[in-house]
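Two complexes come next, and they have one chain in common, chain A, joined by chain B in the first and chain C in the second.
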Partner chain A sequence: MTRVPMKCRVCRGPAVIDLKRHNANFCREHFVAYCEEQVRRAIHHFRMLEPGERVLVAVSGGKDSLACWDLLVRLGYAVEGFYLGLGIDTYSDDSLAAATRFADARGLTLHVVDLETTHGFTIPVAAGATHRSPCGACGLSKRHEFNRVARDLGFGVLATGHNLDDEAAVLLGNVLRWETDYLARQHPCLPAEGGFVRKIKPLYRLGEREMAAYCILEGIDYQVDECPMAAGNRHIGFKETLNDLERRSPGSKAAFLFGFLDRMAPLLAQADGPGDAEVHACAGCGEPTTGDVCAFCRLRDKARA
Partner chain B sequence: MTRVPMKCRVCRGPAVIDLKRHNANFCREHFVAYCEEQVRRAIHHFRMLEPGERVLVAVSGGKDSLACWDLLVRLGYAVEGFYLGLGIDTYSDDSLAAATRFADARGLTLHVVDLETTHGFTIPVAAGATHRSPCGACGLSKRHEFNRVARDLGFGVLATGHNLDDEAAVLLGNVLRWETDYLARQHPCLPAEGGFVRKIKPLYRLGEREMAAYCILEGIDYQVDECPMAAGNRHIGFKETLNDLERRSPGSKAAFLFGFLDRMAPLLAQADGPGDAEVHACAGCGEPTTGDVCAFCRLRDKARA
Partner chain C sequence: MRVLLRNPRRELDLEGITSVATLLHHLDLNPESVLVIVGDELVTNDAPLAPDATVEIRPVISGGADGATAAGSGGGDVS
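The block that comes next holds the complex of A and B.
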């Protein structure tokens, strides 16, 4: 059996990647153009950004967030990075190093906050003290600090590197339990309201494998390791389930996520929800919350006790 | 390691089955009572039947449809069976034999229609002639003949043996593509309208494994083979996916299906749909259709051409 060399869909030159769900192959140049186009479409479709707008991108040092930063800069936005130190041993050290290398090589600004230095606790300590899962404590801390720092630095919009695989896995988790409140909030662009900055996910049209390929082709030296505390979490299981479905029927993941956004999200938005609880400033930190003291302040207080 | 014998949740006698999603074990007697109770709840919750109402149950000779017939009789309904001969070689012969044995042993009435004798074609021939999948041609034929025969025999309601696993798998298939029209119609009780009899699924709360156990414990000698034409169809793949999820997290399937029925189905029902197309009698057979000639008549004409 001889293998026919793949040709780029655009220029018919030698291809470096095949995208089964698009039934297409691309050379390096046109794959990068394809990624740019997907981000451009995402931004346009959900009106995520004004041309040239200032954006803070939350970077973990992994492939997705660094690719997100890179792509937004390519598309002409004024992007600065924010890294939150979680205190997860060498994993956190290596992640910060990757984010710093990326920013330094490109002359970009990276803001760094370390949970331990600023708030006196780490994720492993918080998880142990509160009997939460580490992923729960981490998600809560990130949501809080991303919003706080974006506001403190005067950004109106925060971008995260959630890709198609991430979003489809979260969707599957929410659908399997029909968490209609979470479903109603799962959107690539959440408008600013009540002390929350706008939150956008410019990579929701691009898969995990595509983001790894983008980084490799663009010479972005990212943190390859997965977080050691996330092993075995439900989210990873849902990704495996979706990968099985994708293998059997290429395009399944995209059909699942995009179909939800096209046909189900509007329906959920028009449904009578439970009504938004009133949001006001946390007595501890001033960030928006529905209680007196926000969940982050309570987590921090327990972790430091 | 010594294995602790399982005890029945109800009587503490020796158990014969463990139901992980209920975290419960049952002896034979209380397992049968559990199955009855689940069917009673299904009927009550969706107002499927009036007490003692006449029901036609569609039987394939497999475990689910025979268990459905058995359980409805136990609960005091006046149930007759209907078997549709599909012409799938020895599989169809064996299936009819199982249904006949069941009915004869209990003095119940089984109505039989054979597609080839009555309509001049078999499912394998129809699938070949129309380039449909066999499952597509079979589903279409069943929907048509179940409704036609129920009406001809004067029944106002048709029961099918769809179980929790079937319904969850169909739901997953529809959700993965967000087929909102199909989702809006996926319900354990579809009321009679425009020439269609009421359609009910009294087993939607009971899993596949439970129905196999029920038949074995009740001495129901069912057709064990799966249909040879269904091998590799999408539905079976979705069942495997859900079985994987269930293994990781017992109760997933039930949470998925019941959550949909509780929280999503009402939302879909209240949404502005595309509007029901007008239904009238098929020029060929008189059954309800939205076209001039119904899909079954067109299938039959192609299969006989």
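The block that comes next holds the complex of A and C.
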């Protein structure tokens, strides 16, 4: 039997990727156009950005953040990158090298802060000293430094490379435990308030596999190896579970996340919750916190003790 | 056929595999979780594979932020 190769849905040329959730295949040119359109729709739907607005994108050297930077530049935004050095052995060295290669090749500005140089600790040391998971210490440090550096550099908006799979996995984790406070804050666009810059996730409509494909097709040389400290974490387990569902029922991940955003997030936003605690400046660093001293400063002090 | 796998990086020599779909089935890999690259070309799940092909199976799942916290939600450092 003669095999009929998959064809691009748009031009009927040879396809390079099949997207079962859309029941569609694309050639390189039309897949890139599809990615651009998904990001354009995301920005428009949640009013993430004004035309030509300056954006700081947090980059790790991985596929999602570099694709996010590339796509925002393609769409005409003035984007600079920010890389946070975590001190995770050669993994951090290789990640910084990937981010630097990307920026240099395109003449883009990359800002770099190293946790050890600036704050005197690394993620492995902080995790050991505080008995937190490495991913917990990393997430806390990133949230603090992304906001601090964005404000210091005069950016009003910070973009991250969280994709559809990331958001669906976080949603699953929060639903399994009915973390209603976290669910109420899960949104692709969080407005600036109380010392926090606006935070946007322009890739929330695009899957992880799509972002890896985008990088391969656009020649973006990203850090392929996984963080050695993340292996086996809960977040990855949720993604694997969702991919098992997706294999049996294509479109499940998108339906789960988009349904939440369309139908549940507005209800949570209106619900009477416990109320937001008052936010003020941390006594140690000046970043917003609900306590006297923020969690990042407490983490840093324990790590350096 | 030479097959490169990542995370951890390792190589396999396989025989009798004729397509991407049969390769992923043979290795018990979910097509949602990987991309397949032959030479320098990204290929679809139905693509045939030559006996002397060099194939990279690239995982696409990455993680880090703890999924049960607000880490992925951008909730900010207010703890």
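By our rule, the second predicted complex is superposed on the first by the 303 of 305 C-alpha atoms of A that agree within 3 Å, B and C clash if a C-alpha of one lies under 4 Å from a C-alpha of the other, contacts with A are read in each partner's own complex, and residues count from 1 in each chain.
Here is the rule we use: a contact is a pair of C-beta atoms (placed from the backbone, for glycine too) under 8 Å apart; a residue touches a chain by one contact, two chains touch by 3 or more.
Worth saying up front: this structure is predicted, and the values here are computed from it rather than measured.
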Which superposed partner A:Arg263 touches (first chain B, second chain C, both, neither): first
Of chain C and chain B, partner touching more chain A residues: C
Touching partner for A:Ser65 - first (chain B), second (chain C), both, neither: neither
Touched partner set for A:Ala255, first chain B, second chain C, both or neither: first
Touched partner set for A:Gln38, first chain B, second chain C, both or neither: neither
First (chain B), second (chain C), both or neither touched by A:Arg247: second
First (chain B), second (chain C), both or neither touched by A:Asn147: second
Contacts of A:Ala271 with chain B and chain C, given as first, second, both or neither: first
Touching partner for A:Trp178 - first (chain B), second (chain C), both, neither: first
First (chain B), second (chain C), both or neither touched by A:Ser92: neither
Shared contact residues on chain A - chain B and chain C: 176-177, 234, 244
Chain C-touching residues of chain A, taken from the complex the two chains share: 3, 5-6, 15-18, 20, 25, 62-64, 133, 135-136, 138-140, 142-144, 147, 160, 162, 165-167, 169-170, 172-174, 176-177, 179, 181-182, 185-187, 190, 196, 199, 201, 208-209, 211-213, 216-217, 224-227, 229-230, 233-236, 238-240, 243-244, 246-247, 277, 279, 287-291, 294-296
For the chain C and chain A complex, residues of the former touching the latter: 6-7, 9, 30-35, 37, 41-48, 58-79
In the complex with chain A, residue positions of chain B that touch it: 175-178, 180, 234, 237, 241, 244-245, 248-249, 252, 255-256, 259-260, 262-264, 267-268, 270-271
